[in-house]
Amino acid sequence: MIDTLTNILQTMVLYATPLILAAMGGLYSERSGVVNIGLEGLMTIGAFTAAVTTLATNNPWIGLLAAMLAGIILALPHAVASVTFKADQVVSGVAINFLALGISVYLVKAMYNGKAQTPTVLETLDRLPIPGLSQIPVIGPAFFNAFPTTYLAVFVVFLSYFLLYRTPFGMRLRAVGEHPRAAETMGVNVFLMRYIAVLISGALAAIGGAGLSIAIGSEFNETTVAGQGFIALAALIFGKWNPFGALGAATFFGLAVALALTGQIFGLTNYVPSEVLNMLPYILTILALAGVVGRAEAPAAIGKPYETGGR
Amino acid sequence: AGGNQGGGENEGGFSAGLVTDTGGINDESFNETAWAGMKKAKKELDADIKYLESKRDDDYNPNLTKFSREKRNIVWGVGFKFNKAIPEIAKQFPDQKFGIVDDNLGGKIPDNVVSVTFKEEEGSFLMGVIAGSMTKTDKVGFIGGITSPLIKKFEYGFRAGVKAANPKAKVTVAYAESFKDVAKGRSLAANMYNDGTDIIFHAAGGVGKGLFDEVKTREKGKYWAIGVDMDQSGLAPDHTLSSLVKRVDVAVFDIMKDMKENDKFPGGKEVELGLKEDAVVPAKTTSKHVPENVMKKVDEYKQKIVDGEIKVPSTEKEFKKYKG
Amino acid sequence: METMQRRLRESPVITSVVSVLLGMLVGAIMMIAAGYNPIQAYQALFMSAFLMPYDIGETIRTISPLILTGLAVGLAFRTGLFNIGVEGQFIIGQLAAVIVALKMDLPPVLHAVVAVLAGALGGALWAFLPGLLKATRGVHEVITTIMMNFIALYLANTLVRNWLSQGADSTETIPESASLRWDLLSQAFGNSRIHFGIFIALATALFMYYLLWKTTLGFELRAVGLNPHASEYAGMSVKRNLIMSMMISGLFAGLGGASELLGTSGYLAIHGSHTGIGFDGIAVALLGANSPLGIVFAAVLFGVLTYGGPVMQFEANVPTEVIRVVFAAIIFFVAANVVRWMMSKFGNKAVKKSD
Amino acid sequence: MNVVEMKGITKRFPGIVANDNIHLTVKEGEIHALLGENGAGKSTLMNVLFGLYQPDEGEIRIKGNKVEITGPNMANELGIGMVHQHFMLVDPFTVTENIILGEEPTKNGLIDKAKAEEEVRSISERYGLRVDPKAKIRDISVGMQQRVEILKTLYRGADILIFDEPTAVLSPQEIDELIQIMRNLVKEGKTIIFITHKLKEIMRICNAVTIIRRGKYVDRVEVNETDENQLASMMVGREVSFAVDKEEAKPDRTVLSIKDLHVLNSRKMEAVKGLDLDVRAGEIVGIAGVDGNGQTELLEAITGLRKVQSGSIQLNEQEISNLKPRSVTKKGVGHIPEDRHRRGLVLDFSVSENMVLQTYYQPPFSKVFNMNYKNVDQYAQKLVQEFDVRTPDIYTPSRALSGGNQQKAIIAREVDRDPDLLIAAQPTRGLDVGAIEFIHKRLIEQRDKGKAVLLMSLELEEVLKLSDRIAVIYEGTIVGWVDPANTSEEEVGLLMAGRKPGMEVKQ
């Protein structure tokens, strides 16, 4: 029983980690008023870059850094299109998704002799037990023998909370997402804030993706991310655009996946088709939304391009 | 870059085309091994070879059509997913010869089609023997990709092998319902290992990568993985007991060789390959971690299967009847 | 001169054409960078779609479901909803159609009609829940539809394996009576799998135009999409229209799934991941500016690129993925209205020079 | 000394010259009015001064120095602060957060909340601007929001303050309070530029006026050398009559009768508490009250937009409470909503489509389920002409119309449906005198045709001028009825503040 609980928690953490990071990325962008449906693409480019760089350098930390950089670079067109050119942000985000998948698989094929996946990354960011804490029964193995990206994700959540709610930078960023004109009259540079926010979102989502290719998994292919960017977006909304809310939502989703997977190990499949078990996380999410969470209040200016001197 | 070998038509020579399923040409699985067979044909038969990748199931028809228009000596469709497209195109191009891997078209094979199938259960049985003999916890695991008759062959063959070698051992079975979700593979593996399982066999394509990712991080000599399709020991050299290698390359090559050299084409037939044909065998690297006595046992069982002494079950029904 | 310049700047056709060319330029740069020959590649890409009647037929077949999923996304957008769930509704459309095709015994034509209608209904019902939750509980449709996509996938898989087949990977092929293929048409296009789906798609585009701009329901749907508060004030039921809009959107998607199944594949297979046609629909709708005509054109472009992609890889060795990059670039250029920006830069310079 | 000198300012927008060679001179320590019709270019000129827009031509001198104001930051540095016509407040933020935004006091890189609140408190005490530093903007009254806006400028040490139409949204008491605040500010050495449409206010507190008309400079006059009539005619370019000509009302049967009504607001608190009200055919009943006393909820309850908890609402002796908006409309209620952008119009619909927003499904606009746009357009054309809606054509999106014309379009739509009861909520908010005149005439015309008119306005003057009877609302109930002919702004104002006339008023 205890083992099962450990199993469930460990799987939960594993699944939640990339979602948390990507959702934090989305948080910055959307809090500043820029919809980011491109999280999926940003994760993809992160996963790709991390794998390729780690293969080249044999150092996953460099891979992680490179992924961050790639995320920032790919987020740039989204920022340019939606902030400077005032394009529809959803459209631009969808383009990011196409672009990321296209570029990364194209480059994988060009680099690895037509192969659709990278070779296996041998040096990965393995589970990192925290001495002492990891010995605690049940929660120790789940929370304190986690991947470095997990610790990073939790750190980013706390950091984001402080940054967004305690610092001038965060206050300005949120103001820009609620009422850009008001922020501008107070001397806040709306464009700059939005650029920074979108680029941060690229960096964080890319780290989330990197975790999939150099921590949890050890290669990159077309399906490495497979919709997790969208789930992260859902977690962000589910969590009401709040760092801890998003953390909770991503963890909830991880828990639902864990229940389904562990259920299989228990032989639940003798009674329920495995497909139905696999549906569980999604059904639970909908039930939670319908039953408990309900209406979420988006940042007021989300999705609206801002024009200096416009009305 | 890329990988289309050879140029245009070579008059009087031999030409072949290969259409992959959605896994792509370098899937580290049957598409890739099939292509290896083609490359061998290029080298040894001087064949002109080309491949087309399919992005979606909808692409099978146009891709097969493209090669048929070029009047290649044979067009291969690799994977059971071609079981609807091959008969349809074969009907449209009655003079064209086709080959399908991993499906027998329900027995209704057109005259211009050869079907190549494997007795995966036989090879899996040997994997089961290895796992059953070597488990210290009497708990072994199986991770499947998407539930399907093909993957079930692996599962029941494996379970029968375990049962034969170690009736006490318990087999935990889980399906990821995906061939791609690495994280799921890893989580399932972690769950099983945490649960006391010490050896896991997979037939789950990319999902299986997660198994290797997980086993790698665990204590050497205690936790093991068994690969599938190709020799996967490279993914975790210290943790891989064995891999079940499916010699699609040999099958594909042999048929083409027969066509070119003997002008023989087993049209309308199912070529079923098993242990007897050495088509589903343990990887060469197996002996690295598997002790001699177990290797010996594997050989004994292999002989019994080849001799027909043991009939390996491939479905749930057959497995239930199987006594071990 | 000035009016002409302005007209050029504002014409959506010019914007689209220039954006397409620019997008292809981006693709060409990528190809050159990786050492491929872009001219050869593009030649193969576009030739392949029109090479033979067979290819034209197959291209049209590729286009048909894209039109329908594009219309589905576009209609929802028009009414203020973002239906990411087109993918799932498409799958349910396939599922419902294949159930009717396999489990019911009906005379030809009627069988096909009932199967198509079942698919449409299935898609509509699948979209009903997100609509309902949005209307009554304020749950964001983006989340629910994303979740519903996965549920649809697994639902279809489990039904195929446990009910529609005996544990196999796919269902039987549907009977002739339920097929949307028409031999004469197929033969006219070199035995390709072109089918009635294209007519369904075009008729649906017309229907969407008619619905939105010619009917009272369309008036309501648009009003609610643009300003729910004013619509409520004016006596429209915001909730009902929200649900309606989701359902009509789902209906289009379901039609897409049904006609794809009954016309193209003829069976439903177990899938490990989504088909992607629903997601492509998002891009198509956005590129087509959510207007029925625009969506049809965007689907044609996307269809040609999609069908030609593998040939490009085959002929010029260029990985097909470059197509996605090209398409992404096109979307960017259209969305950012780069053409107008270039025109204004260019225009200003011209004016300054003439000063 | 001239604190502000704007010379020959020209600002063009695509298709329009908003400011055409405008001059503005403001002396130190004065309250300077900027007067002009809607769309005259007042806000634009002030946005130029505040650095939000860059002028195409002209020069600006602040305290004698020629400057180029490149942005609000620069304006702040020059000591210019602006209270915008449409409040620039971040709703989910607190009062303090709004004030310090952009210039936050920090400790170790984090916002020093305690210090910020302390500072806000001290400035607010110094100038008599009562606010709750910890309250969220969305929870406070409009009056307090405005004080926050003023505090924002003072926090930044502004000594030139621009108030863009600050009184349009305030109750008489709040206006008095604001005027007191402005006097305090001048006493503290500040200079104020004050935009308003209300000539009385100009006469009351301003020293000088600059008048602009259609983007052009008209004149600068000292207040003590002019009067209301002269200002009005300078602004409009013709003589304007302020008096509303109306005959004695001939009230008939009761059209609307409300008994013991209870309604909750959006926060689920009781906003209307046992309210009784009746309106008869042929009369205008005005509801006077300070914003937030249940007016909005009352009107929404009548029109079916909000649920009634208990009590009855009868229209022509039929119960209409908790009917759907459409049924209420059909039973003969017309409604000019308070917030025209939110409720009144689908801004992205054409003028023509907006004209049939409630009636689109009825013949001749529709047949079965088809729309007949030919008839819709014909009808819209007719209304546009009849009601003098200034629009390029009926296909123009209503977003592009000026506020006054948007309002005219709504009135046209509501009046033409010939309802028994016409509810007009804030019908002239933010409009210029010309437009106000037009709308007032239309309302009286309805009354004279024997319709019942229920008028809700935060502008006491308007209520007094138009109504035949006035119901004063306070905390969700009618606290008194007054006869406009025999009352004064003071008396009504006291009732609105919840005090019975004759009671001692403590200062």
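Residue numbering begins at 1 within each chain, and the chains themselves are lettered A, B, C and D in the order written.
Here is the rule we go by: contacts are C-beta pairs under 8 Å (C-beta built on N, C-alpha and C of every residue); 3 or more make two chains touch, one makes a residue touch a chain.
Which chain is which protein? Per UniProt: A, C = Nucleoside ABC transporter membrane protein; D = Nucleoside ABC transporter ATP-binding protein.
Since we're looking at a predicted model, the values are computed, not measured.
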item	value
Reference chain B; chain at largest CA-centroid distance	D
Distance between the centres, which are taken as Cα means, of chain B and chain A, whole angstrom	35
Distance between chain centroids, defined by C-alpha means - chain C, chain D (Å)	46
Inter-chain centre distance, chain A versus chain D - centres from mean C-alpha coordinates, in Å	45
Chain C, residues touching no fewer than two other chains	34-35, 154, 157, 161, 273, 319
Touching two or more other chains - residues of chain B	1-2, 147, 177, 180-181
Shared-contact residues (touching 2 or more other chains) in chain D	none
Touch relationships between chains, expressed as pairs	A-B, A-C, A-D, B-C, C-D
Chain C-facing residues of chain A, complex	77, 80-81, 85-88, 90-92, 94-99, 101-103, 105-107, 109-110, 114, 223, 226-227, 230-231, 233-234, 237-238, 273, 275-276, 278-279, 281-283, 285-286, 289-290, 293-296
Contacting residues of chain D [partner chain C, same complex]	303, 305, 324-327, 329, 335, 337, 342-349, 353, 357-358, 360-361, 366, 369-371, 373
Of chain C, residues touching chain A in the complex	30, 34-35, 82, 84, 129, 133, 137-140, 142-144, 146-151, 154-155, 157-158, 161-162, 273-274, 279, 282-283, 286, 319, 321-329, 331-332, 334-338, 341
Parts of chain C lying in touch with chain D, wherever the complex brings them together	213-220, 222-223, 226-227, 229-237
Chain D - residues contacting chain A, complex	47, 50, 52-53, 71-73, 76, 82, 84, 87-93, 97-98, 101-104, 106, 109-111, 152
